[in-house]
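Each of the next two complexes has subunit A plus one more chain, namely subunit B in the first and subunit C in the second.
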Partner chain A sequence: MELDKFIQHFAAQFEDTDASQFTAETRYKELAEWSSLMALSIIGMVDEEYEAKVKGDDIRNTQTIKDLYEIVKSRM
Partner chain B sequence: MKVENYGVTLMRLTEDKIELVRNWRNDPKIVQFMEFKEFITPEMHLNWFHKINNDKNYFFIIEYDGKETGMINVKDIDNEEGEAGIFIFDDYYLNSDLSFKSCVCLAEFCFETLKLKRMKAHILNNNKRAIQFNKFLGYKLSENQEGILNQLYYLTKEDFNSKKERLIRLF
Partner chain C sequence: MAYLSIPNVVVRGIAVCVPPFIDENSNYPISEEDRIKLISTVGVARKRVADDSTCASDLCFNAAEKLIEELSWDKKEIDCLIFVTQTPDYILPATSCILQDRLGLSTECYTMDISLGCSGWVYGMSTIASIVASGFGNIRKALLLVGDTMSKITSKEDKSTWPLFGDAGTVTAIEYVAGNEGFKFHLATDGDGADSIIIKDGGYRNPFSGDSLKLQKFEEGIARTNLSCYLDGMNVFSFAISKGPQSVNKLIEKYSIDKDSVDYFTFHQANLFLNEKIRNKLKLEPEKVPYSLENFGNTSSATIPLTMVTELREALTSKKLNHIGCAFGVGLSWGSVYFSTDKIVCPELIEY
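Let's turn to the complex of A and B:
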C-alpha cells in the first residue's frame, strides 16, 4: 500500500476540489467540499480499494490524509 | 420514549430539554439554515413545544457517545407522510457519519413504527450538499419542481430500503 496511491483514491471522491489540494498533510476535514457524504464515501473507498474497515470515529480522530492512511495500513 | 440503533439514541424531546434546544436553535451557526430566523424567547419556545408535543410531531435529541449532539424530527404527520429535519450542533460530530446514522434511525422509526408511506423534505435548489445527502438516503425530487427555490423531495419506504443496506455497511 502506497501513500501516493491512497491520496489519489482519496482525491477521487471529491468532485469540486482541485487535485493539487490533496497531499499527505492535507487537513481534509477543513476542505470546503468536506461533508457527511464525503465521510461515508471515504469509508466506502477504503472498504472497496483496501478491504479494510474505518469507522466514523477514525474520521473524527484523524486530521490529515496521512493520519488516515496510517490507520488503513494498520488494518490491512 | 427513545429510538436506538447504530450507536445512536434518539430521545424524544421533553419539556426539561427545551432550553437546551432553544440555545442551539438561537445559535447563528444553526439559524443560518432555518426558515424562521428571529430570536426565540423562552416563552415562544415553550409555546412551540406545546404545539409539537403530540402524535403528529416527533422531535428527538440525538445522543451519541453519551453526548447530546443535535436534533432530528419528523413533523406535520398527515395522510401517512411527514416532513423530516435534522441539525447537528456539536462541531465534533458535524459532517460525519452521525447525520446518516441519525437519519436511518429516524426513517426506520417512521416506516416501521409509525407506518408512514413516505417522508418528505424541502431543500433549497442551490444546496448541493443537502441534495446529495438526501439522495444518498434515497430521497427523490418530486414532480414539477423546476424553477422552484425550495424544492420538495420524497422518500418512500421502498426507496429507503433499496439504499439502507449499502448505508449501514458503512456504519
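Let's turn to the complex of A and C:
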C-alpha cells in the first residue's frame, strides 16, 4: 500500500477541492469541503479500495491524511 | 453459523399503517446546504410522526385488523403473535400480550415480544417461521407485528437522528402449508458495536434519574438527553457497507440461489448514500431495489414490509415473486432472508 496512491483516492472523493491541495500533511477536516457526508465517502473509499474498516473514532482521532493512512495500513 | 432453512411456511399478506401527520424535512431548521444534502444524499424528504397518544402497537394493531379482514381469516385460527419493537407500550408486561387480547385472539396463542430494531423484521420472520413450522400444523396461522415510533426516542434538536427516522407499524401474515419451500436465512450479530446506536438511560444499567432529562449540546444542531437515541453514523455506515452485501452473498451461496431469479432485493432503508453503496457492491439493477426512504424515512424495524407495500404493492398482489430482504443496524444485528410470495393480500397503506 502506497501513501501517494492513498492520497489520490482520498482526493478523488472531493468535488470542489483541487487535487493539488492534498498532501500527506493535509489536515483534512479543516478543508472547506469537509462534512459528515464526506467522512462517509472516505470510509466507503477505504472499504472499496483496501477492504479495510475505518470507524467513527478513527476519523475523530486523526488530523492528517497520513494519520488515516497509517490506520488503514495497520488494518490490511 | 446461523443459517436457517424453514420449510412449510408461506407469507399470505402484508399490511402497513402510518400516522397521518407528515413532517417535511424542508421545514427542518438547519442550514440550506445541510437541508439540500439531507434530502438529496441521505434521501429523506419527509416522514410520518405519531401523535402523543399513538404507540407502535396502535399502528400494528390497525394494520393487523385490516389484514385479517382482507384475508378473511378467522381470528380463532390465529395461534401465534410476535411483536418486534424497541418502542413498546410498557417496560412490562410484553406488548404482544396486550395485542393478543386487543385483537381478540385465542388464549391458546403463542405470544412474545422481540427487542430488535433495524434487523427486526428479518429476525422476526425467522422466529415466527420456526414456531409455525415446529407446530406441524397445530399453529396454522400466525401474525408478525413489526413497528416502531422512533419519533418518541429521538431528539428534535438532533440533526443526526430526527430528520432521518419515521414512524410505522406493519403486519406480516404467515400460514403453515405442508410441502412449501418456506424461507431461508442468514443471521448475524456483533455486540462490539452496541454503543454505535444506543439510548443510554432508562434501562437498568443506567436507571432513569433527574440527570437523564438534562439536554446536552454536543455540537451545532446536535442536542439530546440520555433518553434519546444516539447514532454514530460513521460506525454504522462502516459496518453496513461490508456486512450488508456480505450477508446477501452468504445467503445466495449457502442455498445456491439464482441471483437473476430474484425479482426484488428489499433493503432496510437506512439512508440513500449507504443503500446505494450496498446496491452497487452487489451489482443490482436499480429496478430490483425499491426505496421508500424519500417519503417515509428510516422506520427502524418496519422498513422492509413498508417498502414492499408502498413500492411493490401491485406486483405483490398480481404475480408470483422471489424476494431477498436484508437488514442491518442497532445491536449491531443483521441478516438476510429469501422467500417467495404468490399473489398475496396487500391492503393500501393505512393511516391511523
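As a convention for this text, the second predicted complex is superposed on the first by the 76 of 76 C-alpha atoms of A that agree within 3 Å, B and C clash if a C-alpha of one lies under 4 Å from a C-alpha of the other, contacts with A are read in each partner's own complex, and residues count from 1 in each chain.
Note that a contact is a pair of C-beta atoms (placed from the backbone, for glycine too) under 8 Å apart; a residue touches a chain by one contact, two chains touch by 3 or more.
It should be emphasised that the depicted structure is a prediction, and the values quoted were computed from it without experimental measurement.
*Asks:* Regarding the shared-chain residue A:38, is it in contact with subunit B (first), subunit C (second), both, or neither?
*Replies:* Touch status of A:38: first partner only.
*Asks:* Touch check for A:59: first (subunit B), second (subunit C), both, or neither?
*Replies:* A:59: touches subunit B and subunit C.
*Asks:* Where does A:29 make contact in the superposed view: on subunit B (first), on subunit C (second), on both, or on neither?
*Replies:* In the superposed model, A:29 contacts subunit B only, not subunit C.
*Asks:* Per the contact definition in the header, classify A:68: touching subunit B only (first), subunit C only (second), both, or neither.
*Replies:* After superposing on A, A:68 lies clear of both subunit B and subunit C.
*Asks:* Please indicate which partner A:7 is in contact with in the superposed arrangement: first for subunit B, second for subunit C, both, or neither.
*Replies:* A:7 contacts neither subunit B nor subunit C.
*Asks:* Common interface residues of subunit A with subunit B and subunit C?
*Replies:* The overlap between the subunit B and subunit C interfaces on subunit A comprises residues 35-37, 39-40, 43-44, 47, 55-56, 59.
*Asks:* Across the complex, what residues on subunit C touch subunit A?
*Replies:* Answer in residue numbers: 37, 41-42, 160, 196, 232-235, 237-239, 241-242, 273-274, 277, 281.
*Asks:* Please give the residue numbers of subunit A that touch subunit C in the complex, ascending.
*Replies:* Going through subunit A, the ones touching subunit C are 35-37, 39-40, 43-44, 47-48, 53-57, 59.
*Asks:* Can you check the complex and tell me which residues of subunit A touch subunit B?
*Replies:* Subunit A residues touching subunit B: 29, 34-40, 43-44, 47, 55-56, 59-60.
*Asks:* Which bits of subunit B are touching subunit A when the two form their complex?
*Replies:* 92-93, 95-101, 129, 132-133, 136, 167, 169-171
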